[in-house]
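Next come two complexes, and both contain subunit A; in the first it sits with subunit B, in the second with subunit C.
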Partner chain A sequence: MSLENILLFKLYVITMPIMFLIGIYAIMTTKNIIATIIGIEIMTKGVTLLLAACGYFNGRPEMAQSFIIIMIVVEVVILTISAGLIFNIVKKHDSLDTRNIRNLKG
Partner chain B sequence: MSFSLAVLIPLFLVLFFNLPFYKVSGKIAIFIASLFCIIQAFSFFLPITANCPISQYFMLDFQCDGISRLMLLTTAIVAFSSLLVLYALEDTDRKQFNFVNLILLSLAGMNGLFFVRDIFSIYVFIEVIASTSYVLIAINKDKNSLEASFKYLVMSSVATVMMLSSIAILFLVAGSTDFVTISSMYQQYSGNTLVVVAIVLFIVGLFIKGGVMPFHGWLPDSYLAAPAPVSIYLAGIVTKTTGIYTLIRLFYSVFGFNTSIQSILLIFATISIVFGAFAAINQSNFKRMLAYSSISQVGYIVLGLGAGTTFGVAAAIFHLFNHSIFKSLLFVNSAALEKQVNVSDMNEMGGLASKMPITSTTSVIAFLSTAGIPPLSGFWSKLMIILALWTADLKVFAFIAIIASILTMTYFLIMQKKVFFGKLKEGFENIKEAPLAITFVSILLCAITVVVGIFFPFILNGLINSAVSF
Partner chain C sequence: MDSIYVHIILLSLIILFAIFAVSYARVIRGAILLGVVSMLVSISLFLLSSPLAGIFELSVCSGLITVIFVSVISLTIPPDDKQRKMNAISMVKKMTLLFLLVLVCGFSLYVLDSKNITFIPLMQNVQESIDTRDNIWNLRHVDLIGQALILLTGIFAVVVLFKKDTNKDKK
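Let's turn to the complex of A and B:
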């Protein structure tokens, strides 16, 4: 790898944990159900970026591309299910507050 | 039977059920799905051939070994019990139909997970199973089940992100994601920091999916809030497959063992065993107690894996099989109680042994097996785990495993005394034994527990040694 590539690689590798931490922080602090899902999405985007970077740097971008496309499909399924859950939760409680869904204690 | 059919048949069944030209009723769907489960269970005894033309057309590249076959058998038994309990408990036709479709999709994902030899495909199949589980938990759309399902979704998504970043790093270093390439890469770079981080991330992700103790928050909630057939299915096989089977598969066929990874596994397993058992003692809800007991038993499986020998792996896989059987049996009993008594607090029950003799007896056998009393199946697998730890010179952990067995006995004795023994509580005079379908399932699972225990030498040679030769 050339020096430029190494710097670029470090940039990607640093970005992913930062996005992961932002996502975790969003999930832990928010009081809004939809914001929880957005936190999950931020983490997932970080991983997508990491996969793309890994494919670029080990010289197999076509494989990374197919992985990312499969990942996006799976992600959409999970998002649809979470949208359904949120829809029903809001119907039950009539608000988007996460404090409503803290009845079960681990 | 060609093994890729185990993935394709459930998928085609779901398609076939949902074609717009006719309407399939819930009962017929249950019948066809349970027929498929029986065929899958018997395919364990048939010689397995290579890929058939249909699967070559779909370009499925699967491999099958002893562990996969044992897991296929376990999955079939648990799914069959869950379907029969569904038949007995659920009377809405539409709900039955939706249930069967989701369980079939989940079965397709699970059977695929047993055959794949590629870490990215592992991710895909785990997500198939997980996404069906979210819907299954929330299928009644009441407040608690929606909350439990949402919690599971969030936790599981975090786990998925961890696993995917691990997969990305391994893909970066190895250049491909199939087991052979990664295994040879790992032998070359086993000391590399990036690779170690990747493996630890993968382990933590799988611990979240499997509900090992510090990451167990979602597990008791989802077992509690889910309807009874789903609890059986989740506790019996889903968490065991997505979390623990994948862990065993990764270390058995990809990474191998070294001392640092072993110590991670052993420490988390010990925490899970001891604290899971203590938490189970304090519970008053039947299903919640079973959930914590499940966490504790999962700890045993991981402990057996942590011994780091092939004998340890064999012990772990055997305990996984036994645990699936007797934990499903206990959840079937809880379903019977839920249906007949309609109370879930153990303090409000009492003296039900005279009214529900079959449920009471099978639950005694199940908990004796869980606690490791000879000659039942749980005794042999726990003995194998302890022997594996002892021969691997991890005597402290073997000792903890023996002591924690007594804790297991404690909470189950408390349960049995509160629910079944003693004087009959007032208001329970008219309670009858559970419907035929439920008692049939509990007798079947009970028979498996006893038979595996008594014919252990044959099982050891025929089942375990063919799965993992040691």
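Let's turn to the complex of A and C:
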């Protein structure tokens, strides 16, 4: 593996925890449920990048691609379910505040 | 292999737009910027020889997810300035959290960097790999069953969550 490739791989390895950090920060510093989901999405983007980089530098990008496609499907399902939950929360509480859903009393 | 500078610029832009997406108080801007992040990630995927994943990322994450986000935001009531002020977390708490997270991230990067990455084989030494479509349909077909189940779960959840409350209507 050439020096340039190692450098590039390290760059992708460094980017992933930074993206994860941004996502965690977004989740921990907001009380808005939509902003929380945006944070989760950013975290998954970091994972997608790392998967693609690992596949490329291992010489098996097709394997990484199949994993990324599965991850995207899961991502969409999570978002759709969250959208349904948000609608119900707004219908019940008239607000997007996550503190309203702390007690699961129905 | 493209120039390393292209990757550096792309990754910097991804991080920059991700920071913008989480720092805006209005979530609609955050959702649109998330779409931009997805678009840049898909360009990265194209550069990393993953065109199929890139197309998926561009059409689904950058297109569909942004549309879902914007529709959800437009269908809900946005918080007014008073509520926004009430919900705001103190700057000291935010900065302390950021400092702690940066510390943890820096330590993990130091540990990662101290290890020599030599386990990645040379690209020309790798055996001839099969096509992505063959990989998905033949090698990892069990994953497809899992995907179908996840999609069915999503459909079932949406049906349950968007169900009309008949008891409420009777009242």
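The rule is short, and it goes like this: the second predicted complex is superposed on the first by the 102 of 106 C-alpha atoms of A that agree within 3 Å, B and C clash if a C-alpha of one lies under 4 Å from a C-alpha of the other, contacts with A are read in each partner's own complex, and residues count from 1 in each chain.
Everything that follows uses one rule, which is that a residue touches a chain if its C-beta (ideal position, glycine included) is under 8 Å from a C-beta of that chain, and two chains touch if they have at least 3 such contacts.
Not measured: the values here are computed from a predicted model.
Asker: Which holds for A:Leu50: it touches subunit B only (first), subunit C only (second), both, or neither?
Answerer: Touch status of A:Leu50: first partner only.
Asker: Just checking: does A:Ile24 make contact with subunit B only, subunit C only, both, or neither of them? Give me first, second, both or neither.
Answerer: Both: A:Ile24 reaches subunit B and subunit C.
Asker: Looking at the overlay, does A:Val74 come into contact with subunit B only (first), subunit C only (second), both, or neither?
Answerer: A:Val74: touches subunit B and subunit C.
Asker: Using the superposition on chain A described above, determine whether A:Ile40 touches subunit B (first), subunit C (second), both, or neither.
Answerer: In the superposition, A:Ile40 touches subunit B alone.
Asker: After superposing on the shared chain, does subunit C or subunit B touch more subunit A residues?
Answerer: In the superposed model, C touches more residues of subunit A.
Asker: Can you give me the overlap between the subunit B contact set and the subunit C contact set on subunit A?
Answerer: Of subunit A, residues 20, 23-24, 55, 57-60, 63-64, 70, 74, 77, 81, 84-86, 88 contact subunit B in one complex and subunit C in the other.
Asker: Where on subunit A is subunit B touching in the complex?
Answerer: Against subunit B, subunit A makes touches at 16, 20, 23-24, 27, 33, 36, 40, 43-44, 46-47, 50-51, 54-55, 57-60, 63-64, 67, 70-71, 74, 77-78, 81-82, 84-86, 88-89, 92-93, 101-104, 106.
Asker: Looking at the complex, which residues from subunit C come into contact with subunit A?
Answerer: By the definition above, subunit C touches subunit A via 1, 4, 7-8, 11, 14-15, 18-19, 21-22, 27, 30-31, 34, 37-38, 41, 44-45, 48-50, 52-53, 56-57, 60-61, 64-65, 68-69, 71-73, 75-77, 79, 83, 87, 89, 93-94, 97-98, 101-102, 105, 108-109, 112-113, 117-118, 120-123, 125-126, 129-132, 135-136, 140, 143, 146-147, 150-151, 153-154, 157-158, 160-162.
Asker: Flag every residue of subunit A that touches subunit C in the complex, lowest number first.
Answerer: Against subunit C, subunit A makes touches at 1, 4-15, 17-26, 28-32, 34-35, 37-39, 41-42, 45, 48-49, 52-53, 55-66, 68-70, 72-77, 79-81, 83-88, 90, 94-97.
Asker: Enumerate the contact residues on subunit B facing subunit A in the complex.
Answerer: Residues 120, 123-124, 127, 130-131, 134-135, 138, 141, 143-144, 146-151, 153-154, 157-158, 160-161, 164-165, 167-169, 171-173, 175-177, 216-217, 220-221, 224-225.
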